[in-house]
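Take a look at this one; I'll ask things after.
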């Protein structure tokens, strides 16, 4: 068991967003989906330590990481690539990638990791001296994921990696994510693109109103249409 | 029933304030006490007016102290250089300062946040540079001395110990009524809305820049009058009214008293003026003590001295409906 | 005492000038002050601790003296502390000797400070109100308290004896309109007239005597915009012209705020004046001027107002300022034995003091003298009258006051304009008037023009 | 002409050192450190006290090293006491303006209380004079002209090559993202304050050698740095440096051609003009 989220409650100020939510990420690829504003991003932020949960536990690699600082969680190999892909607008791609290896675990290996990232995203190698805010949407997303990979993650959490991308780029990125998964890195992915999630993940959670509304363990057991209906139905 | 009590309480407090105002100059007869009273009341006017723009409207307007200084210079220049009769210089000061205030704020409010602070601060510095350069009119860096006493039918205010005390009190009371009225009016609420939810307020049709410019102009009226009284009382106008140390002093009054309360800065003006003087035997160490107190207040009493009131449960309940202080806001959440 | 006061009239002034010889004529000819008669009636000898404390009285009373000064005003705090420390040193000595012998009691003195916080007007008025309200406080000394000296009207209203040691122009401006309205206010510094007039004739005289030489009689004058700096600069423009010099350039600078003189020096280096006069007198600014001047000196005599008198000037100029000329009015005359003695004791207690150190000591001794003459310290009007009528020798020269302006009298026989030149190893030597001179002018080392061999 | 340019270069270099620290803190913490001028003054006093025979008398070398080490600690203290408690709170900008002003009042009076108001001088790092551009200047001036760009380049390299330096910039640009990279924001803030304080200390030591030391020596440089950061744009290091040299040159040319007397007015008119045309300074970004 890599990541175990047990009955987490969290929110912002007095507003509670997550209500005793539990999910598990084993040696597999897990997808989160559901309507906007129902707590998917908050869940990732809580796991990565940006938000302190008011109740519940987060266990990673057998260690209780509840309430620990983001940097110590990154140090454990749990890396979160946030939504909104302009990570560090006024830094060059090279600088942003280098910073991705900031944690003590990843820093000494940064050169070899960067080679791997560049082979995964050759576009980044071309754009290495360019500032992040001058990149195209897809390139920014690659830079963000690349920076996440620079942290040598055991488990990578991606928040809407394909948001706002054209279908062609989306497919390209999905391919890259597959390639990452193939190297044995665990994945926890939020995305609106159900097709991509269905193609990528072994397990899907539907998150609604801060709770797990549906836990899809066996993909074949559920109709694609049902998922879509449920998803859009509740969103409307 | 409850509302009646609130009303009775309000009337009672007005009566108490007026009684204290009437009696204080008769009780505090010593030269030291009277002088401190006049200074602290004038500072209270300046600080509480600053609170309208800084606390309620959330504008980093550092030119406020310049309004005070320009008021004092207008009084001195008008009476000494151009022989304008006393009292008329007060009207002149208001006109000049409101015009300057309007111009400065219209210019400065093109900017946002800290830039407003920096550019308004630069404008204050420009005042000093201009005063130093136009020596023939302003007296240059040494200022102008011999500003005549205010007089009413031949009665000179300076000849009677209580007179400036009462004059300052009248100004403070009128200014406070005006500021409270403004702050709780539709206009005041629009300022708060702009401060806290600008995008939303603008979307609802509140003209952001106009309201803010008006707020600055309104707050500059009593401030310029305080500057006038200050010049007549001290008999001098000198560039130290634009000094960083006076700006600091007044700013600490607003923040220590409690931004966004109007009353808080008044309390702090009196406490800080009297307090620093009370500690005079400590020499430089007293400034160190005041500095520490400022930091401690901001740390542990972010709503300022005025928020001590809210420790009384009955008032706290009533306060819930009021506009919160911007500093207190976060602490309570 | 009134009867003993010298007569003031234009006739006696002329007579005295005739008798005084060339040097005095030069010094007095255009001074604003009205020099009093001299020689015939000598001033009272300088009071000493012994002379003030020797009596049989046993009864002891304590009185307070206020020091009104910008104690928390950055660079000004040094002056404030100097005058305060020196007055306290004098008081300590008097107290230790049993107290000042007064009419029917011995008086011991304590002090109360009034901080004018960098000369901020509201702080001045607050400090004045507090000091004047103290029933045990009977005298206030100040180096300078405000930028305008407006506090002297408050002192007059409160009837408080006040001896101020700065801003003579401002004092004169306020008091001369109604001298009788200020019976308790006296300025221990004399009229600044001498600053404006005495320099050019003295330079001419020394050029003729072969002590100094300039490539041309041209002068560049930089003044500051405060009353002291402006008045002196304007006066010097006139008096240099009268003395046959041509003023090739002038500049006014804001007081105390110039940190870089290079652009100004660039103009000077183009004009190559025979003499440079700087009346912007703030020490930091003046030291910087010298440091940047000496980077690439022109062949010019250099006169700097006031600043070289402060003890750290030499350190600030890296001991290279020897040759710089300056003058002092109402300052302690360093060649006098009493000045040396006071300065030495002051330095032992507080470190080297500036202009206001001996001045502070003198203030206390002068005040004690009036008590010693039998004036009740609590009778402020009588005290004011006594001080105004004093004619006494002090470390700064003969002290008597002009009733029209309440300023100390200026002139070679009263408080002289004392000219100094900075000498090697950071000292300073009096070069004029001859009665006090320690050496003659020396040609500054940076000048290429040298005086003809004597 | 040479003299004017040299004058502009010396002022520009000193302004750049002072303003860079101010801009760095604004960039990463979003607060304005009004105690920066007093930090400069304190650095000069520390160097004087350690080096001067009137203090510890350990010589200039140890004085400089000791003072800079002291500045690291002082930067930490200022951050912990005057800035950290308000970070992330509503109105932090205003509160920190006030707390750092309070801090500067405290330090200035403390120094006055300990060392008195008399002027002090630090030995010059280099002595003698050198001739450049048809004008002769003290060698210390040349040191300032050379050292400031060297330090600023070193700082630039630190910010673009070094792990901590990169982290400082990351925190300035996106705090959340920086945390997710495993950057300890707290430590970076401390580093930022220490770097800024060291720059102020260097400026103080250089100023102390060129001019003199007094408790209010930091006021003028702070006000000037103020103008510089507004002129060049807050939070932008290249903008700040450009602004510093531009202000230095404007001052120098204005005081030669228009006169020292009107230079402050000219400066403020230029500044206000720039802000009206470009509200975020020459190279600044909107806040």
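For reference, chains read A, B, C and D in written order, and residue numbers begin at 1 within each chain.
Rule of thumb we're sticking to: a contact is a pair of C-beta atoms (placed from the backbone, for glycine too) under 8 Å apart; a residue touches a chain by one contact, two chains touch by 3 or more.
This is a predicted model, so every value here is computed, not measured.
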| item | value |
| --- | --- |
| Both-way neighbours, i.e. chains that touch chain D and touch chain A | none |
| Label of the chain whose CA centroid is most distant from the centroid of chain B | A |
| Per-chain Cα centre nearest the global Cα centre, belonging to chain | D |
| CA centroid of chain A to CA centroid of chain C, Å | 79 |
| Averaged-CA centre spacing for the pair chain B and chain A, given as whole angstrom | 53 |
| Between chain D and chain B, distance of the C-alpha-averaged centres to the nearest whole Å | 32 |
| Chain centre separation (chain C, chain D; CA means) in Å | 39 |
| Per-residue multi-chain contacts in chain C, two or more chains | 72, 225, 254 |
| Multi-chain contact residues (two or more partners), chain B | 132, 283-284, 287 |
| Touching pairs - complete list by chain label | A-D, B-C, B-D, C-D |
| Residues of chain C touching chain B in the complex | 71-72, 113-115, 117-122, 125-127, 129-130, 132-133, 146-150, 153, 158, 170, 174, 225-227, 254-255 |
| In the complex with chain A, residue positions of chain D that touch it | 160, 163, 166-167, 169-170, 173-174, 176-184 |
| Residue ranges of chain C in contact with chain D within the complex | 72-78, 80-81, 225, 251-254, 257-260, 262-267, 269, 283-284, 287-288, 291-292, 295-296, 310-312, 315-316, 318, 351 |
| Chain B-touching residues of chain D, taken from the complex the two chains share | 26, 32, 81-82, 85-86, 89-91, 93-95, 97-99, 101-103, 105-106, 109-110, 112-113, 219, 223, 226-227, 229-230, 234, 261-262, 264-265, 268-269, 271-272, 275-276, 279-280, 286-287 |
| Touch list for chain B against partner chain C, complex | 30-32, 34-36, 39, 132, 135, 139-146, 230, 234-236, 238, 240-241, 243, 245-246, 277, 280, 283-284, 287 |
